[in-house]
Amino acid sequence: MAERKRKIVNDPVYGFITIDHPLIFALISHPYYQRLRRIHQMALAHMVYPGAMHTRFHHSLGAYHLMSCALSELKGKGVEITDEEEIAAKMAILLHDIGHGPYSHALENGIIEGVSHEKISQWLMEELNKEMNGALSLTIEIFNGRYHKTFLHQLVSSQLDVDRMDYLNRDSFFTGVSEGVIGYDRIIKMLTVQRNELMVEEKGIYSIEKFIVARRLMYWQVYLHKTVLSAENMLVKILKRAKELALKGVSLYASPALEYFLYHTITAANFEQEPACLQQFCLLDDYDILSAIKVWANHTDPVLSLLCKWLTNRHLFKCLLSNEAFDTSAITLLKTQVQERYGISGHDLDYFVFTGTASLSAYNINNERINILFKDGTVKDISSIDNALVSHTLAIPVKKFYICHPKI
Amino acid sequence: MAERKRKIVNDPVYGFITIDHPLIFALISHPYYQRLRRIHQMALAHMVYPGAMHTRFHHSLGAYHLMSCALSELKGKGVEITDEEEIAAKMAILLHDIGHGPYSHALENGIIEGVSHEKISQWLMEELNKEMNGALSLTIEIFNGRYHKTFLHQLVSSQLDVDRMDYLNRDSFFTGVSEGVIGYDRIIKMLTVQRNELMVEEKGIYSIEKFIVARRLMYWQVYLHKTVLSAENMLVKILKRAKELALKGVSLYASPALEYFLYHTITAANFEQEPACLQQFCLLDDYDILSAIKVWANHTDPVLSLLCKWLTNRHLFKCLLSNEAFDTSAITLLKTQVQERYGISGHDLDYFVFTGTASLSAYNINNERINILFKDGTVKDISSIDNALVSHTLAIPVKKFYICHPKI
Amino acid sequence: MAERKRKIVNDPVYGFITIDHPLIFALISHPYYQRLRRIHQMALAHMVYPGAMHTRFHHSLGAYHLMSCALSELKGKGVEITDEEEIAAKMAILLHDIGHGPYSHALENGIIEGVSHEKISQWLMEELNKEMNGALSLTIEIFNGRYHKTFLHQLVSSQLDVDRMDYLNRDSFFTGVSEGVIGYDRIIKMLTVQRNELMVEEKGIYSIEKFIVARRLMYWQVYLHKTVLSAENMLVKILKRAKELALKGVSLYASPALEYFLYHTITAANFEQEPACLQQFCLLDDYDILSAIKVWANHTDPVLSLLCKWLTNRHLFKCLLSNEAFDTSAITLLKTQVQERYGISGHDLDYFVFTGTASLSAYNINNERINILFKDGTVKDISSIDNALVSHTLAIPVKKFYICHPKI
Amino acid sequence: MAERKRKIVNDPVYGFITIDHPLIFALISHPYYQRLRRIHQMALAHMVYPGAMHTRFHHSLGAYHLMSCALSELKGKGVEITDEEEIAAKMAILLHDIGHGPYSHALENGIIEGVSHEKISQWLMEELNKEMNGALSLTIEIFNGRYHKTFLHQLVSSQLDVDRMDYLNRDSFFTGVSEGVIGYDRIIKMLTVQRNELMVEEKGIYSIEKFIVARRLMYWQVYLHKTVLSAENMLVKILKRAKELALKGVSLYASPALEYFLYHTITAANFEQEPACLQQFCLLDDYDILSAIKVWANHTDPVLSLLCKWLTNRHLFKCLLSNEAFDTSAITLLKTQVQERYGISGHDLDYFVFTGTASLSAYNINNERINILFKDGTVKDISSIDNALVSHTLAIPVKKFYICHPKI
């Protein structure tokens, strides 16, 4: 009985995840991938949903599991997928979030402005491909949508990809927002391929509707929950302030990796030209950020220390959501109140009273559509089907305005 | 430690259901209520979803549990509800389905045409009220919407009642259609009362949307699943044929109760004037029907025997759903084919080839609306809220056409 | 894309069950197998656990699913299993309960004494094999333990077979007794084969312990629950009495199939010599029994009518469990009280006051043991492992005594 | 409608947790309690079970929820519990883990030897009681077992306390080890009180057995999993080495709080005499430790850097479990191999090759026993009941030996 190395990982969402290929082992063991263990999938959402502590490591492992299921289902239906393509697609999904830094959104808005995590993913994949002697070439082709079997890319990245399926499942599981649960197993069983494009069989229409509605609910109830917005905006402000102080030469407690990004102006060019930049990035995770913030709570800069103390102890800003923009007078009034109560003034008030927008297209008709394959062979975009929920409402983007401020 | 009688019942859906009042015990022990143990909640849906064997007994017990939770939540929020009202509301929900016969839909269309289960529920409640010396008077007032605390009636019967919440939960649990799951616990926590009307707090909007979408999905995927429609229509035809034969004097195997309803023309007047009628009705359940059908599979009438043999062995009619009505030529063609293949002819063909319609209003704007209470005190119907899914799509009734016929 | 017929069935326990082989379709569609839809897996346990309405049809489908998982796991570990063996093993598990009649235990003790359901299963398999032109020959060999790859038989029938795994899962799911849940997916991942024998890998020991403890719990808490024992013994008594009356020539309402078994003395010889016997048996299910009992509630025989009325309306006997046998004086006293209260006398009292025993070996060391394969290649029976729960306690059979009687 | 402040928290384990008392709000909002958000409940177990990222904050909130359920159940059974006692018991359970530091076990063995987390809990409760003007006095009495209603203490701390119930539930939920699931809701419904002692009703025996078996399984399969032991021992060694270096005056990256504990010899006396000590302790959490370890991976001390690099990248020690102690020759051999391969020598080898023991009493007969109350009023310890699993096996402590070493 020849037995090849085979490992099962307990996953509360799917039961067990099986890993059984040397390339997959190699990838998962790589420090770049292990780093994702130290990055929370949902950033600070655990301040509202205490269960939401799961990591990007766990999420991409889950997405890999769904990819395995989807490929096996498609092969069972006669879709031709070679072993090489299968491994490449699995590695593509494992790597899809590899470029995320800690508190991605906050990082990109506070410290490394203008460098997206997608870009960093690309650089890291190329780096890994070199290390692995080209074993990731097909993976990168699939990832970038340049491989002719388009459905492999669509499984990695589209409006019905295994990334979304996993994060909806996983985030609703760990937050306990049971309403975000989707029928992923049914959706996967309804997947099919026609002319290299990913399709959903006709009888899967209601599951797709439900999937889109679940995503919409998760956005408004969880990802864009006003208190989550508040916490994450406080973090953006903290990182902005820290960088501002650092660039002025003020001394700040920081790990070497965090120091690197605080005390330098970083652009895409740095990543491309200085190997140290990407290396330092790969040392950065949630632990650097939060441990610094706790220390900064005692910094001499009142803006920084106040924000850090509040975030650490969960004294979060009030956050108000509205369908209309807030007018300037409301903002001015709040700033005056904050000035009186906390002694903050001038531009520093922008760290304490600010507005923003949150928006969502539950379904985007312009991009990577979800195709339904009818029994008679016709193909329709989900949003163009009679009676479907999607056409009328879910395809319209929704935008909300919010304002944040300390308790007054 | 004074301990009053208290019983807990294991329920796979909610964990445990507690019964702790003598009137509730009395009601549940009554033969009229025990009869519901022998009536499947989902009729023949188990032919498609094998887990769907749960009973109306179990469903009404579940709805009673949700009623208990809802009342306790409302009392916790300061809504005044007396002990008497509480017990009455609980008994009202326990009794809400008491008038259902076996395979209700088929029965009403095949044997006791023109007598609805709602009507029978009324008669049975009055009957029980007499037996219980008026203990159900308030229950009946609440049930019929005549009690001034309207929210009690709305919990029993409205578009957001505990009946719907339980059957969506329970039916999705037992069918395994996980997409029908609703956030009932969250919805219950969002309930409130204003001016004696049931309301949902603003932050419950997305849960309500999800509830309506889940219901829509359950209809199209389960309740109106084409094979379920096929099985249930076969049953209608079987009962119609049996009654037709019986009224002609043909001998048919039947339990005394079933015999009563087959060999008499029954109208509402019979129920009202002949005590035997209601008594016989209370002896009738799924077991009478299915055991007769198995015997009828060997009857000399070829229409009856063929239909019964097929239903028993799950050789179901093909059923085709369409957004448009089927034209006569299609029907004629199918009838010709059936005549050739099975030797059925003339009017008898109507038992084998027939059309019907299935329709659903996911949300009905005309009736027992779902009211949302905003933080500023305003109240809006869920369908009149900006960005809400309900307004645009879910409030539009959907109608589908179907045609059934044997394999040809 | 060549697509062969493939059907998925929703199962609340496992999600989806896939059927994708013509022989499996043929078997499941056969009237003998469809009959299992009308036989409750847990007989009258639903009188205590209202969710326990699932059928033998559903259970054997579930066991088939676990067999598919186990075979696929073993093949993944390099165990050689041919396509023919795979299908045969799957059909063997589908058929493992085919000989069960309605309320098997009651039937075997009340109407067809001396003919076990195992025997009937054998006859039915042979019958089906003829119909299917020998397609079941290997299935029957595996079923009877005559095939050299013993592990296939062990998966069908041993102390760690997929039958037990499914019924523990399924019964705990439908009763809501969450404590009966077993880690079936983990157990299956730990299965392996050595010298054609089924083994469990060393690291699966705790899961096996848990499995045995769960089974023990389900026995005492569910299968041998005193009220379940009461209901099932009442049914035995009803059938015994009915048969007694029938053999005396008393007229009894019954379906033709039930009539056949009531009005004839049936032995194994009848089944073997008269084809009608097996045919009638295949027409018999829960519906025949329960619908008759409802009618018998009005029979002129007071013993029969009283028992039937009580069972129908769930006025069940009191049942007392004890570690010691009940002495005769207690029985005599109860009989006197029953005689006074209900006017029953003489031998008829045996229908109302009686004792019995319930026993369980959580693990049986004499039979189809569970083997653990250690990393160093040694094999040990689970009960001979140091520190294992099984050795000391679980392998000792437990016997309890019970007494039943009406309310006095 | 007077509505008092009331908050619901989503919990994936129990659905919703309700907080509705000002004292509870005050406690949860306190920085000492918020700190528990940054301490993982299961330390490094997430390296094996990636879902196990939940925090001590979440666990104590869950235990609080179970306490609420248990108290409400007991009150429903007529046990007298005043409002003040209820709040005090709830606060006691919220605070039961307040003294845990980051990676408690590692901390206590590596940095603050000789100061247990139980001790620190005591100091912190007293501290909080001062701040809250004595509001915690009754809480502390209950916590320490000095209040006459012993059952309140037993709910907080005994072999059947809500702490154990929650951690078994929660840890099995987040690890996905479904076999650790316990029937907590059933156990709670079976709780009762006699002479101020907590009891379990007779019919709860099997649930208790299952609870003890589940705990045993969780220990061997999760808490004492060899790879978990390996990771946690590596952490102990890292902290020991860091402290060793610090006390020698070597410079080490550390947050101020961590620095405090590394660069001072800390005993219970320090905590008792220097307020700074407790204050610094309350600033310490997982983030300080892990972010330092990542930096130490580049330290000049080869022992420290190697251990830190390995832990960060999950190159964990091999760990072997055995029923017997390892002999010296095996250890010596391994040390020689490590010396050759990694160039470590002398005492430093003790950081790389070492042995330890893991032990468990599934049920401890000497301490805070689980009492069963029989219907006839007798009370028995669970381990003294006939046929009960506990008596024979589960009450015997099990001890295992392990050895750890790097890959060679």
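Labels A, B, C and D are assigned to the chains in the order they are written; within every chain, residues are numbered from 1.
Everything that follows uses one rule, which is that contacts are C-beta pairs under 8 Å (C-beta built on N, C-alpha and C of every residue); 3 or more make two chains touch, one makes a residue touch a chain.
Note that the structure is a prediction, hence the values are computed from the model and not measured.
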| item | value |
| --- | --- |
| Maximum centroid distance from subunit C, chain identifier (CA atoms) | A |
| Distance between the centres, which are taken as Cα means, of subunit D and subunit C, whole angstrom | 43 |
| Averaged-CA centre spacing for the pair subunit C and subunit B, given as whole angstrom | 32 |
| Inter-centroid spacing, subunit D versus subunit B (mean Cα positions, whole Å) | 50 |
| Residues of subunit C whose C-beta touches two or more other chains | 15-16, 177-178, 186 |
| Overall pattern in which the protein chains touch one another (line/ring/star/complete/other) | complete |
| Residues of subunit C that touch subunit D when the two form their complex | 177-179, 181-183, 186, 206-207, 209-210, 213-214, 216-217, 220-221, 323, 386-387, 389, 391-394, 398 |
| Complex contacts: residues of subunit A adjacent to subunit D | 9-13, 15-16, 29, 31, 34, 37-38, 40, 46-47, 49-51, 53-55, 57-58, 61, 173-178, 253, 255-257, 283, 285-288, 290-291, 294-295, 298, 312-314 |
| Contacting residues of subunit C [partner subunit A, same complex] | 1-3, 6, 8, 15-16, 20, 76-79, 185-186, 189, 193 |
